Structure formats: structure tokens, C-alpha cells
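Two complexes follow with subunit A in common, the first pairing it with subunit B and the second with subunit C.
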Partner chain A sequence: MNGKKSIRNALAVAACTVLSQTPAPASADEFPWKADLSTLYYTEKDRVTVSESIASLRREIGSDEAFGLKVTFDTISGASANGAIFGANAGGVQTVTSPSGASRTINIGGSSRIDPLTEFTDTHIAAQFAFEKALWRTLTARAEGNLGFENDYDSYGAGGLLSGDLNHRLTTLTGGLSFNNDTVKPIGGTPVALNRVSDPTRLGLGEKRTIDLLFGVSQVISRTTITQVNVTHGMTDGYLTDPYKIISVVDTAGEPVDNLFESRPASRSRNTLFWRTAHHFTEDVIHFAYRYAWDDWGIRSHTADLRYRYELARGHYLQAHLRYYTQSASDIYRFSLAEGEPIPLFVSADYRLGNLITQTAGLKYGLPLGKKMEFSVRAEYLQQTDADDRFPKVDVLLVQATLSYSDLVDYALWSRPPP
Partner chain B sequence: MVSSLIRYGKSVLVYLIWAALLSGCIAGVPPWERDLLAEKKMQLIPDPAENEMDEKIYFSKEGTSGGQGIGGGGCGCN
Partner chain C sequence: MKENQHGVTRESGLWTGRFQAMASPCEVLIDTPDMAVAEALFRRAEEEARRIERKFSRYRDENIVHRINHAGGNPIEVDEETAYLFDFAAACYELSGGKFDITSGLLRQAWRFDGSDRLPDPKAIETLLPRIGWSKVRWENPLFTLPAGMEIDFGGIGKEYAVDRTAKILSQHLQNVLINYGGDLFAVGPRADGTPWQIGVDDPDASSEKLVAKIPLKQGGLATSGDARRYLLKDNIRYSHILDPRTGWPVKNAPRSVTVLASTCLEAGMLATFAMLEGSEAKTFLEGEGMPFWLVAGDSAL
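Our next item is the complex of A and B:
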């Protein structure tokens, strides 16, 4: 009897001991997190100024799940090119359209710039929520939702990515799919395509839907080299016209006699082939990327992007950045329309659909603040030129400062053993 | 839309076969030799904040965009 009781007691005590055992509090290393705080100042000569900040956080919530949150806030002010031609008889006065949809007239003929109307601003706030889960040892899924709001634009999106490791984790295959539903809502409504700019008729909101597909492979080539190739395909349909862009009708002398609202097709199919590689020189690192992009509006583009990170002492570094982009004009692109010619169904004088070249050069300086924290600041200059030499150059200066916390660290900070 | 989806599917298939063939040619890198690859500066996107700002700038200034990823939210800047 006593023996039985003592066994029962011993079992009860053992069960209670097991049940009452609270798991040890997770250390920071066990559930790592990453955070980035970044702010950008972007200014175009005589045009737009943008100030943008990003706060992003990624937290692992267990051994196989992670949650991510990213908030972006930016303000934009200034004027952007609307596609119209500056007439010699215009007396240096040009009508420009603000992002919020209000037109204004600027005088750039005199020595000082006179803005008869108040400066405008637009604000953009966006949030992204992401959830990642390891479905299997080598299979990870990511789901994300996006929201974005501007004075004249709303965006809602959702997407998912599935990544699988193969070949002893030397190869990773990734497949992704995303949807976006956007609303273009200029103040007063969208203009009627190809109507005279002076025509006050406005239609309702513009809606557009986008589906993007991605398939990618990343591959470890050697101890010091990794590479990745992606193919993407995107389809957008709906209101793809830019409500603020116009095209001039010119007479035989090339002087503008009229301005019309532009008109773009209601669908667009886009493709990219993207390749990037990173190579470690055991101290310095080089990143190179090339992209070929084409769409059914007739644009073909090539992009080359090079970043070379040069290690200084004690984890400080300098990174040089060079980027070259060139695109051929879209089939719907025209610099202007001739007076009396039949107006095409689709036509735009937006220089971004023209024969365009973008060149970028930048320098970044980074320094460690402790083992997992890093501060970096970069300055870049970029210039856009019209290969047809019709639109004026766009000169851009940008400065970005970032504070980054990550569990991924660079050994260079801590006297790495010789390779 | 459907025909372009089929075209996309075909190109992915061809691509997969190439990837499978090529991956066989590459000598393995054992886990204990992946120290350099594990560094932050060797990640495919080492600085996400820089990458995101760049993506947005070029999306709003050029006729083509994307390639690195998908989604991320639309913007009225283009």
C-alpha cells in the first residue's frame, strides 16, 4: 500500500515539476531582430525636392517565424516637367502642374524666379506588414501587405514569396506573386485624354490593377562568390495615363499652338531579366548587377550597377557607386504633334518614355557603432539626359543617412582570422 | 493576360532546367567555409534602406523598373 502511494506521490511530484518548469527567457541572440532608420534628402535643380524617411523592424518570434513592419513617410514639393514645349514667344512663362493637381505658372525668363501661386506640397505615407514562416527545414514562405496614401493616389497591395533551399543550401529557388490595386485621384477628377488642356471637363477616379510574378535562383559559386538571377513578369491594366502630363501641338515653325492631355494604353505588360553577383576579396566586397527590361509599349532598357566597398581600419568603410541606365523610346512617345496631323490614339511627351540615359555616381561612408550597430551616410549625383537632346537635363543630388541594427555582422569589425 | 502567363511559365521552365544543369557543375562549399558569405556586406541586398530608396527614385524617374523583387506598394510618382 505504502509502496504504491509513494510511487503515486513520486509521479505527481515529477509531473508537477515538469509542468511548472517555465521556459528560460529567450535571450536576444536566440530571437534576433533587425532595425533600420533612414532618412533621405533628394533635390532636383529647379524642380522637385523630396524628403523621405523609413523605419523598418524585423523580429523573429520563435525559431521559425518572423514579423516585419516598415513605415515610410515622405514629402514632395516643387514642379516637374509636364511634357509641354517652351515656346520662344511664351515670354519665359511656362505652365506646370503640381503633384496635387493644381496648375501654376512660373516665370523663368527673368533673373529671379517668380511663382505667382503658392508652393504646393504632397505627402506620402506607406506601411508594409510582413510575416515569414519556415514551412519545412529548407522551405520558407513570406506574406506581405502594403498600404500607401498620397493626396492624389491610394495603393493597396498583397504578395507572397516561397523560397526553397537545395543542394546543401548552395542553391535557393524563389517564386513570388503580388497584386496591387491603385487609385489615381487628382483633385477634380482625371482629365479627358487628348482634350485641350483648357477644357475643364473631368472624369472620375482612375483605377489600375497590377499582377507581378517573380522567379529567381541564387547560387553560391565559391567561398567568396554568390550570384542571383531573377526573371519577372508584370501586367497592369486600367488607368495608366499620367493625369498631369500634356503634349504640345506645334506649327511649322515649331512654336506651340495648343496643348493636349496625353493618352496611354489601358494595359501594359513588363518583363525583366536581372542578374547580380557579389564577390568577397577577403576584405573589400564588390557588388555588380545588370538588368535587361522590356515591355509591350516598346521600351527596352539596360542597367548596369556597380558598388565597390573599400575597407578602412576598424570596420570603417568607403563604398563607391556607379550606375548607368539607357532606354529606347516607347512606341507612344512623341516630342510634339504637328498642327493638322491626325492625333494618334495613344501619345505621350513624358521624357521618361523617351530615349533616356541616366548616369549616377555616389560615395558612401560607414562606421560601426558597437558590434551590431552601424551608421552610414552617402551622397550621390545623378543626371538624366535626353538622347534626342530635346528636353533639358535633369540634375539630382541626394543625401541619405542610415542607422542600422542587425545580428548579421561583418567579421572585419573583429579581427577576422586570415582566410 | 493568359497567353503572357503561359509564355512566362515556359521561360521559367527553361530557366529551371538550366539552373539544375549549372548547379551540378559547381563544387560544394561546406558550411564551415561559408564565413565570408555570412557577412552582412555579402548579402545580396546588404543595405535594404539604401536599396529601397534607390528603387523608388529610379521607378519615378525612368520608363522601366523592377527585377529585384515584387510588390512593395504602388506610388503616384510614376
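Our next item is the complex of A and C:
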């Protein structure tokens, strides 16, 4: 016979074992949903216009599984700078339009010039899906997949993340790995790098593969403050050149005498260091993030991002957003090549590889519609400046309206890593 | 439907949510100024209680208990949660020396505790006994084999389990919560100001009108086992509804009610039940175990 005392102790052990399980799935009719429908309009003055529709869905299957799906549909039209120099003696013509796809050559006063803007229209459809499962009380796995299609671009990817909670769930460590395979498939094929734009030779499709590694630590500092640091390392190899970008060869007067297709290295590795912190005041929330990124093409960038959410009455809120981005030019970036100079192996006049500054200011207004719905509208103004002042400023207006439905109550200060 | 209309209401400085599940009134007390948090936690609590009721109630047609009870002697593969409960039931059977048995529910066919003097025919009980006994089942995780004609019933564990599970889920979000499912309760933590919850223990005879004790509770499980209005009375002998599965007859001289405080509701509930099964030795048993208890002695001979 067991002694009396041991009944209580044995019972305590047995009860503890029963209760050690992770919470079991809820039944089908109680799976909570979270859904967002959003429409976004993005316009660069005199340049690209994007209209985008986004539908995202998340469903929790009990408290230890969840799946998510996000579908994005974009239509893009407009013109973007291709890197060519129009020159001063262009007879007053500023720009020309042309049908989709490639740059066009125009004759002005007997000489031929490349239109520095390439007109295009495209549609882009993309889907992302994710599945999350709690493997153990403190360990969560997330598997994700994505695919995207444009007329001249396909992308497929898959990845996985593991998160483990330590220290009474105050600390979360995250490790992730993802692969992406992209195909660049301009109509007719990809041009030969550094060939003259007039050369009709085309090669096959361009393919590139990317591997990204992520490691992150998130720490709850107090009931109202949380902070997170992520480091990522990405390696891409394959066709990294942009088949639509051009670099001009200019004479001593700065007039274009020749135009070549650009050329980029076949590999790139990129690192980022990211830190963010959020603090809840009694009602308001402040959120600050900083990112430093560097790659082996010589680009260094800094991003600072500040958001302040101001709670109004009855669940309404206003959120202000300020962002500053600065980037130093890549080693392969040249505004133009000089006539007679040896042509470098890798060279691009793409302004996105140059010295850039982007400033953003925005405001978001959200209002509850009943207990589970929220409507929000966001407007942002971006200005992209070439620090060398050789390209015109790009002014962007972005407006987004979102309708959200949620059965879930989000206890976390944030629930997802930032995009 | 009615179920979803329940929400929390502010009562004496607390958010209180109520619903009916597992044949009992259920109540969740949440001490927070934030109604949205209270509402969400209450919904989560109700969801978990209903999930457990659906999954383990013997009155449902489409659940694991129904499948096992209608398997005709064939093995049934059970999920992890059910397996844990079987392990727990096996431990309780061992620890009680066979007096706590989840296969004893069949005795309900013979016994009707309606306060009357109609005792069952001893022969009816005799014929039931061969179909009762945890030792006759075969439990080899994940396969459970119940001999044809036998039945399992998680009624003696389910409510306590639901309380502890709900407590575990809510504790991830807030500590100042008290869960009470039909008198089995658990305090996740004290009230928001650090003071204990005040728990009243009902008089088994005068339900809700008179309290036999007031228990301050900051943290832990509290459960009561008793026979309020569920007994038979014949020839001045009171037959408690606490049946000994080994004989098929009520335990003699069981207390009217036993309330036990322990670190989980499951432990408290089992200790209270074990004490009842000890009959006249209930008090000795509880004193031997050494945790706080409140006992209303029985008076079998009226």
C-alpha cells in the first residue's frame, strides 16, 4: 500500500502531466478568421502608376495551427527612366511615348536618340501562403511559399522559420531560411550586355536564384515595451541585369554618341541589420525602426522609420508616419560613359543604384465598424531625390484603403515581422 | 443563437461572464478595467469549455467517447489529448485502490438518486458488475479497447479538466482571473489589487441560501464533491450518490460535502472525490493528505 501522502503527490504529478499538453485545436465552427481587403493607388508624377488590390486571409486552427493566404493583383503602367541621356540638342523634345516593352529610338534633326523613358504596361499577380504550427509549447514553425507572375517575369519561392520562446516567453529567437527562383523573360529574349542598343541579338531567358537567411531576437522589456533585432544575409546569383536599362556614351560636350545595354555582376550578397522597438503609452503607441543594409556591389543604405499612433475617441485612431532613406551609389554605377574610355565589365546607369534619398510622410486614419471590422485609409507622399542631382526628382503619391475583419484579439504589440 | 449573446457584465468591480455548459452553470470573473480584454478572454474560456464538452461528453453522438462506447470490443485509436486523460484516469484508479473508475457510469442504469426510497433490485446491480472495471479495459497508447457492453464516462474528471485548461489558456494573457465551472474552480492569480478572491462554500442542504464557509483564494484550484439532493433515503439510511464501483452500492457514511484546495482543480476535484469514496474515513484521509479542506459531515442515520 502506498502511504497517504503519496496519493496527493502522485495525483499532483498525474494532473500536471494531463495539463502539460499544448492547447488542443478548437472545433471547426470556432476557428477564428482574420481577413483584409485593400486597394492601393500609387502614382509617380509623370511616371509609373500602380493600382493594386490585396486580399489577405488568416485562419487559426485551434491555438497551435494557423494558415494564411495573401493574393495581390497589380496593374502597372507608365514610364520609367532607362538610364539613357537625351542630350541638350534634342530640338526641344522632352519625351516621347512608345508601346510597351523596350526603349525606342527616335530621330531628331538627323541624329538618333534614345527616349530616356521606357513606357510599359504590365499586370502582376502574386500569391503567398503560409502555415504555422506549434511544435512544442515554446517552439513554432512556419512554412511559406510564394509565386508571382508578370508578362515578362516569373517568381517562385519557399521558406521556413522556426521561433522559440525562452525566459518565460519574454525572449523569442527566430531563425529562417528561404529560397527564391526568378525568371526574367523579356519579349524576344535578353539583350547581350554592353552591346549597342541597335544590335538585335538576343539571348535566352534570364534566371536568378536567391537564398536568404534570417536570425532574429525579440525581447519583451516590460508590459508596454518590446524590442527586436534581426540580421539577414541574402545571396543571389544568375541574371541580375535589368534588360531594359541602358547606359549612354557621351562626347566631351555631354551629347550621347552611343547607347549600350547595361551589365551587372552575376552574383550579389546583401546583409541587413534591423532594429525596432515599440512602446505603448496608456493609449497611444510609438514605433521606431532602423535598418542598415550593405552589399558587395558597394551600396550602403540607412532607413529610419517612425510611427505614432494617436488614439481618438471610440476606437478611432490617427497614425503619423515619417521615413527617411539614404543610399550610397553602387561601385558599378555610372551616369554615363565617356567616348573612348575602355568599357568597364560591369556598369549601370540605373538611378536606383545611384546616390538616392527618399523621404516619406504619411497619415493613416482608422475607424471601427462594429466589433470585428475596421476601416482605414492611408495617404503617403514620397519624394525620391538623386543626391548627384542628375535625374529629376520623383514625386510619389500613395493612397490605400483597407477593410479588415478579425475574430482574433491581438495581445501582442505586433504580431508579424515587418515587410 | 442564444450561446453567442452572452457577454461580460460589470458586477461589483469585476467583469463577469456566464454560460451553461457540461450540465452546469459556468462563470468567469475577470479583474481588468478593459472591457475588450475581458470580452475576449471570456469568449476564449467559453470556447474551451464547449470544446471539452463536445469532445468528451457521453451525451454526444459524434465524439471520441461515443466511438469508444460503440466500438463493439474493437480497439479505437485515440488522439493525444484523450490519451492523456486515459493516463490520468488510470492513475486515479490506481491511487484510489479501484474506487475511482471511469467505467462505473453503467451503475446509473440501476440507481436513480431522486430523494425517494426506491432502492434498486440487488440482482440488477449484480448483472451490471461484470461490465464494470478499469482492469478489464486494454489501454496501450494510442489504442484503447473497451470490452463490448462496457461504457466509459469522463464525467468525474471533465469539469475539473476544463477549468484547468481554461485557466492555462487565459493565464497567457491575464493573471487576475477566476474560473468557476459548476463549483469547480481555479484562481489564475489574485484580484488586480493583489487581494484574494472570496469563495463561498454552499450548504449542501440549502443551496445558495446559506454558506458553510468563506474561503479566501489567491491562486490555485478548489473543488467540492457532495451529494446535495442526490441521495435515496430508506429505513433511516441515507444512500449517497457516491457509488463504490467494486460493489455497485453507495459508500457508507460519506460526508455530505467535501471541499479541497490544491494546486490544480483536477487535483482538488480528485482529492475531494477520493475523500467521499473513503466514507466514514473521509476526514482521516484528508487530514493524512495535509492540504486545506472543508468538510460537512454526513448524518447517515436520521
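Following the convention adopted for this analysis, the second predicted complex is superposed on the first by the 347 of 419 C-alpha atoms of A that agree within 3 Å, B and C clash if a C-alpha of one lies under 4 Å from a C-alpha of the other, contacts with A are read in each partner's own complex, and residues count from 1 in each chain.
Convention: a contact is a pair of C-beta atoms (placed from the backbone, for glycine too) under 8 Å apart; a residue touches a chain by one contact, two chains touch by 3 or more.
Just so we're clear, the structure is a prediction, and the values are computed from it rather than from any experiment.
Asks: With the two structures laid over each other on chain A, which partner does A:A320 touch: subunit B (first), subunit C (second), both, or neither?
Replies: In the superposition, A:A320 touches no partner, neither subunit B nor subunit C.
Asks: Applying the touch criterion given at the start, work out whether A:H280 contacts subunit B, subunit C, both or neither, answering first, second, both or neither.
Replies: Only subunit B; A:H280 stays clear of subunit C.
Asks: Counting residues of subunit A in contact, which comes out ahead: subunit B or subunit C?
Replies: B
Asks: Touching A:V231, do we find subunit B (first), subunit C (second), both, or neither?
Replies: First partner only.
Asks: Determine, under the contact definition given at the top, whether A:L57 touches first (subunit B), second (subunit C), both, or neither.
Replies: In the superposition, A:L57 contacts neither subunit B nor subunit C.
Asks: Using the superposition on chain A described above, determine whether A:M373 touches subunit B (first), subunit C (second), both, or neither.
Replies: Neither partner.
Asks: Please report the subunit A residues shared by its interface with subunit B and its interface with subunit C.
Replies: Dual-contact residues (subunit A): 169, 409, 411.
Asks: Please name which positions on subunit C make contact with subunit A in the complex.
Replies: Touching subunit A: residues 36-37, 40, 47-48, 50-51, 54-55, 79-81, 84-85, 87-88, 91-92, 95, 161, 164-165, 168-169, 172-173, 262-264, 266-267, 270-271, 274, 285, 288-291 of subunit C.
Asks: Tell me, which parts of subunit A touch subunit C in their complex?
Replies: 2, 4-5, 7-8, 10-12, 14-19, 21, 23-24, 26-27, 30, 63, 169, 409, 411
Asks: Within their complex, state which residues of subunit A touch subunit B.
Replies: 36, 38, 40, 42, 52, 54, 56, 76, 99, 124, 126, 128, 144, 146-148, 150, 152-153, 155, 157-159, 161, 166-171, 173, 176-178, 180, 182, 184, 210, 212-215, 217-224, 226, 228-235, 237, 269-270, 272-274, 276, 278, 280, 282, 285, 287, 291, 293-295, 299, 301, 309, 317, 325, 327, 330, 352-354, 356, 358, 364, 376, 378, 382, 384, 394, 396, 398, 400, 402, 404, 406, 408-412, 419
Asks: Can you check the complex and tell me which residues of subunit B touch subunit A?
Replies: Those in contact with subunit A are residues 1, 4-5, 8, 11-12, 15-16, 19, 22-23, 26-31, 33-44, 46-50, 52-53, 56-58, 61-78.
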